[in-house]
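One structure, pasted below without further comment.
Labels run A, B, C, D, E and F following the written order; every chain starts at residue 1.
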Amino acid sequence: MPHYLTRRVSFAAAHRYRISEWSDEKNAQTFGLCARPNYHGHSYVCDVTVTGSLDAVTGFVADLGVLDTVLQREVRERFDHANINLDIPEFADGRLMPTGENLAQFIYERVQGALGSAIRVVRVTVAEDPTLSATYEPG
Amino acid sequence: MPHYLTRRVSFAAAHRYRISEWSDEKNAQTFGLCARPNYHGHSYVCDVTVTGSLDAVTGFVADLGVLDTVLQREVRERFDHANINLDIPEFADGRLMPTGENLAQFIYERVQGALGSAIRVVRVTVAEDPTLSATYEPG
Amino acid sequence: MPHYLTRRVSFAAAHRYRISEWSDEKNAQTFGLCARPNYHGHSYVCDVTVTGSLDAVTGFVADLGVLDTVLQREVRERFDHANINLDIPEFADGRLMPTGENLAQFIYERVQGALGSAIRVVRVTVAEDPTLSATYEPG
Amino acid sequence: MPHYLTRRVSFAAAHRYRISEWSDEKNAQTFGLCARPNYHGHSYVCDVTVTGSLDAVTGFVADLGVLDTVLQREVRERFDHANINLDIPEFADGRLMPTGENLAQFIYERVQGALGSAIRVVRVTVAEDPTLSATYEPG
Amino acid sequence: MPHYLTRRVSFAAAHRYRISEWSDEKNAQTFGLCARPNYHGHSYVCDVTVTGSLDAVTGFVADLGVLDTVLQREVRERFDHANINLDIPEFADGRLMPTGENLAQFIYERVQGALGSAIRVVRVTVAEDPTLSATYEPG
Amino acid sequence: MPHYLTRRVSFAAAHRYRISEWSDEKNAQTFGLCARPNYHGHSYVCDVTVTGSLDAVTGFVADLGVLDTVLQREVRERFDHANINLDIPEFADGRLMPTGENLAQFIYERVQGALGSAIRVVRVTVAEDPTLSATYEPG
């Protein structure tokens, strides 16, 4: 498909990287400052890229209203002003570590699942700040 | 080709999404606020990515002077301080809807056409604002 | 007051600078490309700065919920996806020219009027794009 | 003083706005989503502006090495990858609410205290994200 | 004056901070990496803020065409793709050190001198990058 | 690989494009203002994208500590506050021209070489300013 649309959605969230079975030392060694027990946070910026065939009448590859509704529910309402480790079951201790990599894949799965076959998600990028981002591109 | 060059060009333009055969209700339902009859506008940011073989002497994949001349004429002079629907014949009522998707493809075609075979355009991205952009990548 | 809070609100709008009694030549000479008759547009970014005494309990100088409600109604709903010349009576032909200077003062007056005496607006900046902005600071 | 220097320092931190004596309802009514018990976070961007007399030889109003050392110790080491409520005693429950307003004043006091009389801090701005910032300017 | 207009102009330049009578050690101690003999450079971003009485007809505080002509000549043509120490006599060895502070004041003087009494410059900010800027405000 | 991590590293450097065997006229004709003999400079922003298999325990595709150590040594220490033509042997006169294209490929080779087989670099982008960037993607 030659046409893509990228929509940005932001959220403010807390998280930490910590494996409870590990010692403080091993957590710090592996995760650095991100292992601090009391959590820290980021103003996350998430870009979701979709594709589809261009509608010759509307000039759209995707219904932006539908996409925005899904991003609001699956991303904003789930992650904004949340503690990712504590508030989102899939990222609880012992499950997914709330890294950018896992967040990008998780958001891909939730957004693609909600959109159904009408709109195809080809890329999700999650940036913690302007210096670090993770991207998930389904095969 | 492993080398790419991306040049940004900006323009301020008005547009609207509206199909004259449709009722106001259907236009609003399909295009939301973008259907408002009196036009609105954006500070568009357009990124054009080109590729080519690296010139071992100059270290360039493309002559930036040539590229800038083409972008000035094909993008800036055409779109800056224009009403896309009214001033650019290809986007007149009943023809192309001035969405990001159509703008990106149109700019690709004009820029690639003007550059000829010496420089190959591989991607054009048109952003309305930091939260929404469309990308065209020729096959 | 030593404490200030600045909130950003964005809107996409069309406008033109044109005095109907003037010739096309005089309009172009005075306003440049902004005088083009069919309008152009910008992704406006507006920063509103308020002050007040710091509430020792909440740590706020202003109720952000109240401020956001006012900005939504007075700025977003009035200007977003609008043609400033045609849709906003105060900027109709023969009245205020929709320059950044006049927009900043107008937004100051509307926002301060809606906020009442509880929150004092000290600065409104309206940027057309990253290279040009106008600021209004009441005396 | 006509000369100013502004240095940016960033930090990722978690916080919440919550008064333990208040009910959940009153906390939510006052602080909105910021009252959520499990904390959320931001990629804070802090700009510190200083002034001084211009050194005719070096062309500096302040020793940037000294300023950076102080910002590293007083801002980065204290706030980065921290939970402001839990890790910084002055923002513990019942003390300062970790709002932008209080953070800006607190950083002003710490940085000015560490710099001594050689460099005068005139403004500290703390932004949670590009849409909201607080500024403290000492009298 | 309650109305201000801020125009951004950018330039790419090389510079170094170095006093030829000083030893390498003293230069490095005072200026850090900026003392390196072979120069380094920045993509400078300069914001010039002007004020004036609001023209009731045009809605302008300043003639932007005049301002842009002056900024092109006094800032772009002088500094863009230049070595500030070697190409601009006022910043030659033994004269002004090309710090942000001195650049901001120098640009103020040149731009205000060229504008004459019709437009009053109230602030010039020169940023080396997003983390460091200097501002000059005439008394 | 579906997972990518992009890390940004910045550096301030001087450079020029100039072939000593060519006349001033031919240099200016080919390289424009970039041929000026006394060098100019940029605040370079470099984004390095890596991939790898996702570690199910840590949620990482790459050890960010390792990547940052390599970027510090191979990019920051080599290029920051340097004159690329004079200070970096590979870009000396008669060798590589310090264009964005060559810088991106050079940084790719150095960073990939230092990382070894554990982390695969898939893209390096080097931007001179927000309007121009070069990208290298190994085959």
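One rule holds for everything that comes next: a residue touches a chain if its C-beta (ideal position, glycine included) is under 8 Å from a C-beta of that chain, and two chains touch if they have at least 3 such contacts.
None of these values were measured; they are calculated from a predicted model.
Each step here moves to a touching chain, and the least such steps from chain A to chain C number 2. Separation between the centroids of chain D and chain F, computed from CA atoms only, is 34 Å. Distance between chain C and chain F, defined via averaged C-alpha coordinates, is recorded as 41 Å. For this pair, chain A with chain B, the centres built from the Cα atoms lie 28 Å apart.
Multi-chain contact residues of chain D (touching two or more other chains): none found. Judged by the touch criterion defined above, the protein chains form a pattern that is neither an open path, a ring nor a star, and not fully connected either. Here, these are the chain pairs in contact: A-B, A-D, A-F, B-C, B-F, C-D, C-E, D-E, E-F. Residue ranges of chain F in contact with chain A, taken from their complex: 2-9, 49, 54, 57-61, 64-65. Contacts from chain C toward chain B in the complex involve residues 10, 12-15, 33-34, 36, 38-43, 80-83, 86-87, 128-129. On the side of chain D, the complex with chain C involves touching residues 17, 19, 30-32, 96-102, 104-105, 130-139.
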